[in-house]
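Presented sequentially are two complexes of chain A, the first with chain B as partner and the second with chain C.
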Partner chain A sequence: MSFNSAQYFIFLPVVFLVFYFTADRYRWVVLLVASYGFYASFNAPYLLAVLLMVTGISYTCGLRIAAKQDETIRKRWLWIGSFACLTILALFKYLPFFESQANRTFGLSSTLSSTIISIGVSYFTFQAISYLVDIYLEIEESECHFGHFALYLAFFPKLSQGPIERAGDLLPQLKQPYRFDYDAMRSGMLLFTWGLFKKVVVADRLALYADQVYNNVHNYTGLSLIIGTYAYALQIYFDFAGYTDMARGTGRMFGINLTENFNSPYSATSVADFWRRWHISFSRWILDYIFKPLQMAWRNWGQAGPAAALIVTFLVCGIWHGATWGFVIWGLLHGIYLASSTSYRPYQKRLHKWLGVEKSPWLKWWQMFVTFNLVSFAWVFFRSKSLGDAWYVISSWFHGVKGLRSDLILSQGRQNILLLLACITLFVLAAIRPQVAERFNSLFNGTSRWLFYYLFVMLILICGLFGKAEFIYGRF
Partner chain B sequence: MEDSRRPTVLFIKWVAMLVVVALSYTGLLYYIVINGKDNYLAATFNKMKLLENTLSPKMVLVGGSNIAFGLDSTKTRQAFGLPVVNMGLHSGLGLKFMLDQVKPYINKNDIVVIVPEYSQYVGDSFYGDEALLEVVMITKDWSALGYIPALKIPNIALRLNRIIFSYYNEHVNSDSIYSRNSFNSDGDLTAHLALPNVKFSIDYKALPADINQKAIRYLYNFIATNADHGITTLILYPCLARSYYHRQAATIAKIAGAFSNNGIHVLSSAQDFVYDDDLFFNTHYHLNAQGRSLHTEKTIQALKVALMDRTLAPTSTSAQNLNK
Partner chain C sequence: MVSEKLKSVILGELELDDFDIVDSTTADMVPGWDSLRHVRVILAVEQVYGIRFQTIELIRIKNVGDLQALIDRKTT
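On to the complex of A and B.
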């Protein structure tokens, strides 16, 4: 059951009504049953078993770590819990890789991995690991109530794609008694609708162009490939940000505030700034649990320590997305961007001073342009079907306009282009001129707000692409 | 007092708004569908009329758009000396609906040739999708809604929004071959025959790997019942672009296996109707003029061979055994 399906539009109000009319002490049961039901709707019973397994392991290990005083034993339980969770995650993520190796080595023809899906496994596994580490570091206390803990891992709005919530942020909210708040409810519904708009109107329509180009890259050259790449860069943002808005909107309806995952990432002025704005809960996770320990371990290496830690961290980040060279290079590229920025930053400042542009408003625009293009360049490896395709895209960027007009731009109809241009203009204006965003928001707060609710929902119903595509990050 | 009412008030307001939205959306959709007189799917009226008015013995072709685009009924008529009714329109109608649609109009000595797209045997395409909902609105035959599983209807209704979104392109600016007027008097789609190929991508969604056993059994029972009434039913694989076939070969082999396991005889093999991509007009199922001519010849050949040996058809007795 995807957030953009009719089933979810029915599921959500039904769960809310049951939740609303249930006594406070049993509300967690409603949410837990709904969450497991939501997960079961993916028609993969083994996913529920994995979720229960990770829940059981992390709950038990968490209690053990908290109960013991001896540092060695505490550390042992931390390693046992983390290793078990990571093994489960690795089995799911790299099954296709292991299978292809086994097929090649032993001459088998297994196709098991093609029938296995791993929706959500990464996200609840990361939460479980962060929970164990935080207990070990005595940042958090262990949760004794198994139901509350199970809900912390399984809460359905964030189950399939995050945000990755820290125990200290989410668990106390899950235990709080629910009080109906008109404003929270209304803003939750609006946020959900806004996310749906981003997904079905913007992301899925951009996907028409990105998929067309990237599924047959050799049919295109030059500007067509550039348009396809930019379309994908925007698609992945609107897809993921749309999902996060829908998740946060859903959470807010139940009185739960989930972490904001995006903060206008394409207005970042450097790659480091981009990672502070992109998939924020994941960036924090890799910063805290991978980068910082590595940085500590390599603190004697001087300037090379943080640089190496950044490269390794982002390499792991790339491998987490999947066992393909495209993801590895994507991660490596981001690691190199960040590592090199630690060296050139002082020279960059001097250069700006020397050029006299340090206070120029154009500098920010230039930096945003460069950052967006660096990030888009890395997306080529992320999206391409193979390294050969990625190389073709990059090497053909400046060669002609094959397939541009009739095959690409006009293939999806003029109305599609006009709609996308209007939406992107609106988003860009809202990002660069806060007044535009305020003006837009005021439409939904004024006396005619019900008219605008109606028009907005109708716009989504008419212009949305329903049932076309799953959320991109669902498969990670 | 006000606070305690607020959840109820908000709830009532939202429900009221959703009702207004649902009514507006359905109304708009309905208005556009029923006003589309040249709507491609409105050709169902013409096809039904042709089926009703054609006397037996006749040959009825049942399937999706692959046979609308890819078979020449005139040549087929000449080859068998029988009037031919090409009912092929859209795979989205679902095989179940297609079979039930022709059932009341076929009689003893008729020949029914069933050529559905592969999607009809896997997943839940057998029950129809947006195209069927559109036909329900066009024909106002609301009972046909029963073919679509209830849980699928809301999603299908949402997907049907493409009719509203592309209204301008398809109705105001129309030069599309997807029109009720694109068919000849036998039910073949001929508007594309003089046109050059349109570049198409074979990156359509992969066929679901799960065989729909209910679809296979329904087909088997249909053949068996027809046999009891002296109606010959023949099954053919559809034409398919080679590049798409290569991608879906495993699933197609599974479908062939399911036919074989269930005692359904299919004339020739799937590979026999696989053609080079350049013989296709705008999708991997829609042949162009050259492809249509070749495919018609091959189909006639396959049918001729099969009609010489009618003992292959199952009967209701064997169908009962299968259902056990």
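On to the complex of A and C.
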């Protein structure tokens, strides 16, 4: 059941009504049953079994770590719990890779992996590992109530695609008594609707162009490939940010504040800044649990220490997305961008001073342009179906405009282009000019807000594409 | 309580003339104390006090008060 499906529009109000009319001490049961029901709707019973297994392992190991004083025993339970969670994750995520290797080595023709889906597994296993590490580091206390802990991992708004919540942020909220708050309900519904707009009106329309180019890259050259790449860069943002808004909006209706995952990432002025704004809950996870320990362990390597830690961290980040060379190179590119910035940053400042542009407003725009292009360049490897396709895209960027007018721009109609340009302009203005965003929000908060609610819903119903149900990050 | 010695090491590495550093001060409260400067601060502390931290000890540090307590433990 996807957030933009008809089933979810029935599921959500039903769950809310049951939740609302249930006594506080049983509300966690309602949410837990709803979350398991939500997960079961993906028609893959093994997913529920995996969720229960990870819940049981992390709950038990968490209690063991907290109960022991001896550092060696605590560390042993941390390793047991983390290793078990990572093994489950690796089996699910890399099954296609293992299967293709086995087929090649032993001459088999197994197709098991094509029938297996792993939606949500990486998100709740990452949460489970962060819970164990935080108990080990004595940042958090272990949770004794199995039901609350199970809900912390399974809470349905963030189950399939995150945000990856820390125990300290989410667990206390799940235990709080619920009081109906009209403003929270209204802002939750509005946020959910914004997310739906980003997904079905903007992201899925951008996908028409990105998919057309990237599913047949050899039909295009030059500007067509550049437009396809920019379309994908915007599509993946609107798709994932749309999902996150819908997740956070749903959470808010139940009195739960989930972590914000995006903060205008394409207005970043450096790649480091981009990672502070993009998939924030995930970047916090990899920085806290991979980068920082490596950086500290390699602190005597001079400048090479942080650089190596960044490259390894983002290599892991790439592999987390899947066992393909495209994801590996995408992660490696981001690692290299960040590692090289640790060396050139002082020289960059000196260069800006020497050129006299350090206080120029154009410098920020230039940095945003460069960062967006660096990130878009990396998306080529992320999106391409093979390394050969990726190489073709980057080697044909400056070779003519084959397929641009007839195949690409006009194929989806003029209205599509105009609608997308209007939406993207609006989002860009809202990201760079806070007063535009405030004025826009005031439409939904003012006296005639109901008029704008109806217009907004009508706009989504008329302009939305409801056939394409999947969210991109659902498969990670 | 944060000693003057630790305070001067931190301010020196962060190239700050002055900043009110207390037990509850965290890196994100101090201008310029990013993850890269943090490594330099830790290396400088190890050098000035003649001690060596374990990685796990460094990861457990939440604020300057924790760092001071760790130094006190290592030097006594």
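Note that in this section the second predicted complex is superposed on the first by the 475 of 476 C-alpha atoms of A that agree within 3 Å, B and C clash if a C-alpha of one lies under 4 Å from a C-alpha of the other, contacts with A are read in each partner's own complex, and residues count from 1 in each chain.
The criterion applied here is as follows: contacts are C-beta pairs under 8 Å (C-beta built on N, C-alpha and C of every residue); 3 or more make two chains touch, one makes a residue touch a chain.
What you are looking at is a predicted structure, and each value in this text was computed from that prediction instead of being measured.
Visitor: After the match on chain A, would you call chain B and chain C a fit or a clash?
Guide: Overlaying the two structures gives chain B and chain C room side by side.
Visitor: Under the stated touch criterion, which partner chain does A:395 make contact with: chain B (first), chain C (second), both, or neither?
Guide: Neither chain B nor chain C is touched by A:395.
Visitor: Does chain B (first) or chain C (second) touch A:110, or do both, or does neither?
Guide: Neither partner.
Visitor: Taking the superposition on A as described, I'd like to know which of chain B and chain C A:348 touches: first, second, both or neither.
Guide: neither
Visitor: Determine, under the contact definition given at the top, whether A:180 touches first (chain B), second (chain C), both, or neither.
Guide: first
Visitor: Of chain B and chain C, which one touches more of chain A's residues?
Guide: Answer, by number of touched residues of chain A: B.
Visitor: Where does A:263 make contact in the superposed view: on chain B (first), on chain C (second), on both, or on neither?
Guide: The answer is neither, since A:263 touches no partner chain.
Visitor: Quick check for you: in the superposed arrangement, does A:215 touch first (chain B), second (chain C), both or neither?
Guide: Once the two structures are laid over each other on A, A:215 reaches chain B alone.
Visitor: Taking the superposition as given, tell me the minimum C-alpha spacing from chain B to chain C, whole angstrom.
Guide: 40
Visitor: Once bound in the complex, which stretches of chain C touch chain A?
Guide: 35-36, 39, 42-43, 55, 58-60, 62
Visitor: Which part of chain A faces chain C closely enough to touch in the complex?
Guide: 137-139, 287, 291-293, 295-297, 299-300, 305-306, 342
Visitor: Would you tell me which residues of chain A are touching chain B in their complex?
Guide: Going through chain A, the ones touching chain B are 5-7, 9-10, 20, 111, 114-115, 180, 182, 185-186, 189, 211-212, 215-216, 219, 407, 413-415, 450, 453-454, 457-458, 461-464, 466-467.
Visitor: Could you list, by residue number, the parts of chain B that touch chain A in their complex?
Guide: It comes out as residues 6-7, 10, 13-14, 17, 20-21, 24-25, 28, 151, 154-155, 157-159, 161, 164-166, 168-169, 199, 201, 203, 209, 250.
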